[in-house]
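You will see subunit A twice below: alongside subunit B first, and alongside subunit C after that.
Entry: the complex of A and B
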């Protein structure tokens, strides 16, 4: 465990030198401010412009879901960029043959940051959420969001061969979050076409306030991680 | 012609690393989203989509492209070749400008905002070149992707926020001096297209000039030795 901790400290040192550590701490706070105060203001302006009673307010829960996912997503995206740079500079292969190992490398670069981001996400949600959340649903949502973010990062680092492909794929990984708005806009059985996306089940869990949806969310997240981790290991060997 | 070959090389590079494929998928996604919106929202949504993604793609990708070229020692070869910094910059800007313009047209035509194709194409192409030039200036001065992403945030805020404010709320003519607003005026085909075109051209030329200086400085210092 000690080499993995050292590897994690190395990662923290690297992103603090870039200033990215502080930026990734500040970004969810700024986004939280923007969501908490900007969206109700935009709602008032839009309602005035289009002459309607409510436009965005029906989707405040959706904004909250994006806010919950944002912190782990940003943290894991930063980790992915570091991992892509390390892969380009052949550092990853060197790490894999040290006591850290391939699994330890993933733990230090993705799992540790994701676990920390759960607590950050909970705090951000308590301060800035637009709707009222029960404590268990909030905790489960934030934990599942961080699992989803690990899967997104693994997708990025396992399929790209260099940082250019990584950035291009980074744009596409946002599609994994497309499951979040699905339960808000599709009400028929068609919505289950998105059931492979963990984000869909996270949204279902919050919309229907049903803990059972945590099971498919967990299973789909682990399925993504299992497949992508296998691919990442194959890429390194 | 050197610039033609550089341009072909950059287009090939972008094709190989999936830029065309990704923007093909995004175009389908954006068009699908546009038709999911009520008709009254469609025009503004299309302009916002074009301005925030295809037109601004250079600012997002330039860091990865330049840093990759640095790590693969492509810049070392360019530094000792007869390629001039202006040719290098124009090739990068035009290659990305082509994707931006094609994708913007593909989104704009079904949204019904392309009433004057010439001003629309000029607006998107110049705006794309300006974003790419800003990205290139930042990329020349950074060493990691994280540094690049971080450094682009102020540029994004300075270019995007006034343009979004103009699009939704504050339509004062003096804001035409802002490059983002100029691009939106050209795409929305609203009044003031000629001054908007002049201002956008001047901003683009200014950033291209600064980018040439930054590339020149970078090419003279690749490999750890200042030439």
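Entry: the complex of A and C
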């Protein structure tokens, strides 16, 4: 494990030397502020203007879900950019022929940050969430969000060859988050068209408060990760 | 040290590396020689465990490569053709980081000194020239004092003096008993450094022997001499082994009438072209 930890320390060092990446990590905090204080203010203004009792408040859980996913998503996005810079510097292949290894490299660049992001996400949710969450559901949602973010990162690093391509593809990976609003707007069987997206099951879990939805969320996340890890390893060779 | 049996691999459905067999003994410098795209780097990737989806058997340091653990790399040093260095860090910081990944490592300053980079040790790698990066990349492979070294075009893009320094270090590593796999399309490097070379074209080994045997086996050394005959310059070429039988040469030598005399032997490149119909460089 020692080489992997050293590799992780180098990852942190790289972020500290890159102003843009460093600033990106503040995004979940800023979003938390905006969601916590901006959305209720907008709700009050909209309700007052249209003379309704509730407009946005029905979707507060959806805003919370986006906030829960945002921390691991941003952390893993930053990891992807570091990995793409390293790919540019031929470092990815080199790490694979050191005691760090291919898997160790992925662990240091995606798994460690994702685990840290679970705790960061829980803290941000405790401070800024708009709805009341039970502790187990919150923890499971944040953990599943971090798995989803690893899949997003693998998608980025497997299909991009440099940072610029990564930034462009980063916008497209938002599609994977499309599953979050589905249970809020589609109530018939049509919603299951999105069942390949882990984000759909994460949303179902939170909306229906049913722990069983963690199983398809886990399975779909691992499926995405397995396919994309294979693609990443192929890219290395 | 390295044993390859019936190795097959392809990036596509079309066969590429097929039924390749060879062995490399401990303390040997073994060269893969071939034009770009011949499969040299692919073979190196297989031997270093970067590609594990091969068929057949590849044993390196007693371990089947596709089943290696990460401890496998404690005894393997790799110098890729293109430098793999953290550009924002200094040379010393880079080496310190990579050294920290291994159980043991050599003295960093001594290594920097050996390739003439000690005065640039605290300079950022992004400020280095291509040659400086190549030298730093090279010593990075030696950091943990590995038993097997995989060097991919180690002298590519270097000035003659830096190239000489690198070649001396490679020969020095050999005297320490290290096994070295050299991938190159530079026939001069291969002839000078390698104990044995394998000619690779289109993923296949077309010949494998010592550079000397390959050269001597295909074409004997020759002597070419010129002299004046009725005011006209004549050039004659004879095999070195027939020197004593050549009456004209004996007579010209006795009469001191030779204008020029040269001995020559085919280069690895000539042999390569003859065997494969392809140019190395």
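Keep in mind that, in the parts below, the second predicted complex is superposed on the first by the 230 of 237 C-alpha atoms of A that agree within 3 Å, B and C clash if a C-alpha of one lies under 4 Å from a C-alpha of the other, contacts with A are read in each partner's own complex, and residues count from 1 in each chain.
Please note the rule applied: contacts are C-beta pairs under 8 Å (C-beta built on N, C-alpha and C of every residue); 3 or more make two chains touch, one makes a residue touch a chain.
Given the structure is predicted, the values throughout are model-derived calculations rather than measurements.
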Inquiry  = By the touch definition at the top of the document, which applies to A:144: first (subunit B), second (subunit C), both, or neither?
reply    = neither
Inquiry  = Which partner chains sit in contact with A:169 here, subunit B, subunit C, both or neither? Use first/second/both/neither.
reply    = first
Query = Looking at subunit A, does subunit C or subunit B touch more of its residues?
reply = B
Message = Which partner chains sit in contact with A:6 here, subunit B, subunit C, both or neither? Use first/second/both/neither.
response = second
Query = Now for A:214: first (subunit B), second (subunit C), both, or neither, which partner does it touch?
reply = neither
Request  = Answer with first, second, both or neither: which of subunit B and subunit C does A:89 touch in the superposed model?
outcome  = both
Message = Applying the document's definition of touch, where does A:98 land relative to subunit B and subunit C: first, second, both, or neither?
response = second
Request  = Examine A:120 and indicate which partner it touches, taking first as subunit B and second as subunit C; both and neither are also allowed.
outcome  = neither
Task = Would you please give the residues of subunit A that touch subunit B in one complex and also touch subunit C in the other complex?
result = 89
Note = In the complex, subunit B touches subunit A at residues 13, 17-19, 22, 25-26, 29, 36, 40, 60-61, 63-65, 67-68, 71, 144-147, 149-150, 153, 168-169
Key: List of subunit A residues in touch with subunit B within their complex   = 15, 18-20, 23, 45, 50, 78, 81-82, 84-85, 88-89, 162-169, 171-172, 175, 185
Query = In the complex of these two chains, what residues of subunit A are touching subunit C?
reply = 3, 6-7, 10, 14, 17, 89-91, 93-94, 96-101, 104, 236-237
Partner subunit A, residues of subunit C touching it in the complex = 11, 45, 48-51, 53, 70-71, 73-74, 76, 78, 80, 82-88, 97-98, 100-102
